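Once you scroll down, you'll see the structures, which are given as structure tokens.
In the two assemblies presented below, chain A is common to both, partnered first by chain B and then by chain C.
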Partner chain A sequence: MTNHLGDIQNAKAIIIFGANPAVNHPVGFGHFLKAKERNNAQIIVVDPRMTKTAAKADLYAQIRPGTDIPFMYGMLHLIFKNGWHKKEFIKDRVFGMDEVMKEAEKWTPEKTADVTGVSKELIIQITTAYAKATPGTLIWAMGLTQHTIGSSNTRLAPIVQLALGNMGEEGGGTNILRGHDNVQGATDMCCLSHTLPGYYGLSKGSWGYFAKSWGVDFDWLKGRFQDEKMMSTKGYTLAKWYSGVLAGKPGEDKIHGTPLKALFVMGNGITSISQQAKVKEALDNLELIVLADPFVNEAAILTDKQDDVFILPAATQFETSGSVTATNRSAQWRSKVVDPMYESKTDHEIMFDLAKKLGFYDEYVKGMLMKENKKEFTFPEDATDEIARIIKTIGLTGWTAERLKKHQENWHMFDEVSLRGFGPMKGEYYGLPWPCWTEGHSGSPVLYDIHRPVKEGGMGFRNRFGLEHDGVDLLAGKGSAPAHSANKDGYAEITAKNIEEVLGITLTADEKAKIGKNWKVDTSNIIAEKCMEAGIAPYGNAKARAKVWTFPDPIPMHREPLHSPRPDLVKEYPTYADKPNHYRTDTKYASVQNEKDWSKEFPINLITGRLVNLNGAGMENRASKYLAKLTPDMFCDIHPDLAYEHGIRNGRMMWIHSPEGTKIKVKAKFSYSVGSDRVFIPFHFAGVFQGKDLSDRYPEGTAPYSTGESANTVTNYGYDIITQIPETKGGLCRIEKA
Partner chain B sequence: MNRDTQKALSTKVGRRSFLKMAGIAGAFGATSMVSAAGVTRAATEEEVKNPFPGSKSVKTVCTACSVGCGIIAEVQNGVWVRQEVAQDHPVSLGGHCCKGADMIDMVRSEVRLKHPMVKEGGKWKRISWDTAYERISSKLKSIREKEGPDATIFLGSAKMGTEQAYYFRKFAAMYGTNNIDHQARI
Partner chain C sequence: MSEYARMKFYCDDERCIECNGCSVACDEAHELPVGISRRKVITLNEGIFGKEFSTSVACMHCTDAPCEQVCPVDCFYIREDGIVLHDKNTCIGCGYCLYACPFGAPQFPKDGAFGTRGVMDKCTMCAGGPEETNSAKERELYGQNRIAEGKVPMCAAMCSTKALVVGDEQEVSKVYRERVASRGKGVQSAPYGWSTAYKN
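And now, the complex of A and B:
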């Protein structure tokens, strides 16, 4: 999220793609409604389903799943044609927009209407309303990301905002609504197979920086890995780890690495990941499964594995303390409410205990002792400070435990719309939204905002990809630096070498001796401190890239989902070639799409999403009597016309079949929120698998108050070309009466 | 309410047997709630206003979604007794959705996993933490020795605190693999 929830009240228009905040972020949605009430902002919803958010919208487009790129190009077509784009902004702060303009030319309202299923009149009405009411904020969630072209979707949305000059503005920005409470924080800490905490890569240099910062010998760390090559090789992902187990079986994707034998899960509902039948098979074939959760992780119920399945009671976040990063990059401190219930232990205690058993405990916790050369650590405070000491890339230096606690104590001293602090919190924004460059920095409530000085949260775009490409300058244009900057133009990221030149200062000999090689590894923090004084963003001031020359599609291009209801458009907008060795596994694209005309046998679009009373895999909330009772059964929203065609009646059971050959049995619920070409199912259920009730498998006294089929038993094969996020929002299915 | 009456009121006991029990309780009278006279009294104004004397309020944050609504938990003698909205929280401003309002019930849920367990021969068996650690680590060690560190995958969570997530990533690093992931990939 470039801005924050309260800032949405500053928007004059709000456009929402593939997000349903009225249901998934109800309290956050209050800020949207205030924008409507106080600011007369129009709410525009683009979604395959008439959601409860859409019910509050002024304009609603019922888009065909997987056609967000055509819709946005359709908008850009009209924006450029009518000259509604901000020419100066694009010239000074964006690279590669000319190629976007060329592609947008093709997407006339007629063409866009044909591909998206939205009438051309509505496309024109929505674009006009949105483009003319600046600043406008653009919102998305998993409806936009979970596609084979998800990474392109998440690039074109910011391009729309860049074209309109909505980036770096209060009331503007691209505002992504994260799902779980700490998606932002856990992602920043990079529980990811391709990065280290703070998005440092897996190169030898990164590992060297971490080895040093953790106080361990690099060679020792290297020795823990199979070899130096594997140390820098991306691992399997959550989306496709099953391939690592099933490798070698006929019909399974080939792998490039060691087959998996053991699975260790902590707090992850892996029963809400696509390809449940494969996940089950993988679980069955593992040698060891460890599942640590406050409730029984339903992977333990799904598997037929008879031995060596361990379930460990983990404490909830109310039985420990620490920080959590909200969707807007603000850190909030949680205080412990009660001691861990029953015999449960906190996540970190389990990790520490296991590290002892596995023989690397001393190395593991050393990072917490280094700041003050302590003998003993206090968790989480010393871990918070360890993170602050090491993570420079996203500017976490200012996130000390002491400061975060002070923000918690002073909830009442912050303004809801600006997050600005008053009284004891003067000069700081609530939760110190990152980047928070120094221990005295205010936090940055609005990313890429050049109207304010760097020390008050201002910055341009990051200089990350060199100084020029194809002869075009990648640094920001003249005069487009943050306010009160010593350097009014674009500049490179700050290094020990260029700091004196860019900032126009002279370092003392002592400073020169202490300073790190560049801003990302400068643990002395001299670079950041000097930058604040000079009004310079340590990461440089460059142009945003509309064109990413290293990606398969340098500018975002439409490609039909692997399973598309429009075979004619598959020919025109085919998917990618199959991708070998993607996160250690081969991933299929064209070979699935071209296998047959899927729409003949599976003519109905399948959409999944959340319900207001449940979240994630649902176990936490289904373990609450009151919440479980609101939706006691797994169900399918189906239009009465479609139901009638198949002899399905309201409240009766129906089957949903997927192209994978899997099926689920669910209760039909008549609904006008979907058209007769698509159905909607929620993904929070587990405990029933392809018609078979597994509820007798829960250990005594641990069964939730409701169970049901997992939607992800029938979501289709398909993974994003860059990130491997599964394509759960654009598949096909067939239905029948049960 | 005494234990027997509580049991009697649970759904497992039929209406007929409840009446029987109530009858017994009535017959023996004395300390039972059923014969109220002289034993129970109306709560004082103070008791209504402050039913949990000596309780403390703890500020924390909801774990349902990423909005990060404030929660004020009322705790008495180590028990989370009531949940209050946080009127002065700068983002939630006293708001809560049904999930958030129910955090107290999630924590106190009776169907929580209460102790470590292992499945053996298809049956769940209660074990101690020490046994769990011993068996898990020896199995991990033998897999690591035989197949290498990349034969294990660690799936972490967007429901961990930031410090825990950091330590989860570090755990995989020191175990010697990049097979680590969680829910959020874009």
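And now, the complex of A and C:
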């Protein structure tokens, strides 16, 4: 999220792709409503379903699932044709827009209408309304990301904003709504298989930096892995870990590396991940399953495995303290309300005990002792300070436990719309949104904002991909540096070598001795401190890349979902070739898409999403009788016309069949929110599998008030080409009366 | 609160998003049986663009409360601040109040195979009942008495978009007036339900 929720009140137009904040972020949605109320902002919703968010919109386009790229190119076509783009901004701050312009030429309103299913009049109306009201903010969530082309979707949306000059502006930006509390923090801290914490890569250099920062020997770290190659190799993803277990079985995707034998799950609803039948099979074939959760993780219910399945009672957030990171990169300290109840333990206690048993406890906690060279650590304060000491890439240096606690204690001293502090918090933004370069930095509420100085949260785009490409300068143009800067133009990321030249300063011999190689590994923080004085962003001032020359699609291109209802368009916009060794597993694309014309047997689009009263896999909510009573049964939103064709009545049971050969039995709920070519199902249920009730498997006294089929038993195969996120928002199904 | 405080509810349907935060907060706060819904969110024209709207409904604490007028045992009483309460020890569970209420506010326990029986339960605007204030008995029969503690009723306190507003009518009117002026369009003659509930 480049801006923040309060800043949405500054927008003059709000366009939402594949997000439903009225349901998933009800409190945050208040800011959208205030923008409409106080700022006369138009809310525009582009979604396959008439959501609760769309109910509050001024304009709504019911798009065919998986056609966001055509829709956005359709917008760009009109923007460029009418000259609504910000030419100076593009020239100075964007690389590769010319190729986007060329592609956009093809997407006339007629063409866009044919592919997306939205009338050309509405496309023109939406584009005109959005392009003419600046600043405009662009919102998205999982509806945009969970596609085989999800990574391209998430690139074209910022390109729309770059074209309109909406980046780095209050009331503008690309604002991605994180789905759970602390998802941003989990990502920043690397609950991922392809980076180290803070998005440091897996190179030897990065491992070396962490070894040094953790006070352990690099060779000792290396010894924890099978070999050095494994250290630098991406792991399995949450989406496709099952392949790691089912490795080698006939019909399963091949794996590269060793098969998985044990699974340790800490607070993750793996019964809400696509390919539930495969997940179940994988669970059945593991040697060991450990599930640590405040509620029973329903993976234990789904599996037929009887032995070596352990359910550990983990404490809730109310029974521990520490910082969490909000969707807008702000940190918030959280205090403990009560001690852990009964025999439950906090997550960190569980991890400390595990580290002790596995024999690396001393190395595991050493990083917390190093700042002050202590004998004993205090958790979580010293862990927070360790993070602040090490993570430079996203600027967490200023996030000391002391500062974060002060923000929590003074949270009434901040403005809702600007996040600006008053009184004791003057000069700081709430939660010190990263990058927070130094221990005195204000935090950065709006990314890429060059209207303010760096020490007050200003910055250009990061210089991350070299100084030039194909002979084109990748640094920002003349005069496009953050306000009050010693260097008014583009500049490279700051290193020990170029610091004196870029900042126009001379370092003392002492500083030269202490300074790190570059801003990312400078634990002395001299680079950042000097940069603040000179108004320079440590990560450089470069152009945003519209073109990524290392990706399969250097500029985002439309490709039909693997299971498309439009075989004619599959020919025109085919998917990628199968990808070998994608996060250790071979991943299928073209071979699935070309296997047959899926739309003949499975003519209906299947969309999944959330409900307001449940979240994630839903166990903790379904264990509340008051939340469960709002939606006591798993259901399917179906248009009465479609239901009639299949003899399905409102409130009666129906089957949904998937191309995977799986099926679920759910209650039909007549709804006009979907057209007669698609159905919607929520993904928070578990405890019933392909018509079989598993509720006798819950340990005594733990069964939730409601159980039901998991939507992800019938979502289709398909994974993003870069991130491997599953394609849950653009599949097909067949329905019948049960 | 002014000397002439008159407590009212108001749900701004421009802001209500059917999140049900109000109804769940009410259920939890008063530990209600699952069959009782003191507060409900109603959505009309669901799924139809431009026509769907939601609003939260509970007892409106009417000026000229029809429930009070039809009650054969006179179990209702109206406080000086306008909050309409009833005495569960007097109520005979006849259901007349339910027929008389324009908002469907009165609730009856839904137990057993033969439907609804037992004494009536309804929104108290978090003001308890005739028992001793904040006593265990009051809590058991009527739920929390937040008004006596100087707190906002739970539903409005939990409302995610601050669609649901409660308090002295002058304050509620002020909030509503500001929103209408700010929107500069779509001015209603009165918010939903007001003309029925508040006759003067």
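Structure notes:
Going forward, the second predicted complex is superposed on the first by the 738 of 738 C-alpha atoms of A that agree within 3 Å, B and C clash if a C-alpha of one lies under 4 Å from a C-alpha of the other, contacts with A are read in each partner's own complex, and residues count from 1 in each chain.
Convention: contacts are C-beta pairs under 8 Å (C-beta built on N, C-alpha and C of every residue); 3 or more make two chains touch, one makes a residue touch a chain.
Predicted, not measured: the structure shown is a model, and the values here were computed from it.
By the touch criterion defined above, A:579 reaches neither chain B nor chain C. Applying the stated contact rule after C-alpha superposition, one finds that A:734 touches neither chain B nor chain C.
By the touch criterion defined above, A:40 reaches chain C but does not reach chain B.
More chain A residues lie in contact with B than with the other chain of the pair chain B and chain C. Using the contact criterion defined above for the overlaid structures, shared-chain residue A:414 touches chain B, although it does not reach chain C.
Contacts of A:221 after superposition on the shared chain: chain B is touched, whereas chain C is not. By the document's definition of touching, of the two partners only chain B reaches A:154; chain C does not.
When both complexes are overlaid on chain A, the residue A:30 reaches chain B and chain C alike. Legend: residue contacts after superposition of the two complexes on their common chain; A:52 is shown touching chain C, with no touch to chain B.
Within the superposed three-chain model, A:673 lies in touch with chain C and out of touch with chain B [touch as defined at top].
Residues 26-27, 30, 612-613, 625-627, 630 of chain A lie at the contact with chain B in one complex and at the contact with chain C in the other.
Across the complex, chain C is touched by residues 22-23, 26-27, 29-30, 33, 36-38, 40, 50, 52, 54-57, 60, 612-613, 625-627, 629-630, 637, 671-674 of chain A.
Only residues 14-15, 17-21, 23-24, 27-28, 34, 46-49, 52-54, 160-162, 179, 182-184 of chain C touch chain A when the two sit together in their complex.
Per the touch definition, chain B reaches chain A in the complex via residues 58-70, 73, 75, 78-80, 86, 88-93, 95-100, 102-103, 105-122, 124, 129, 132-137, 139-141, 143, 147-171, 173-186.
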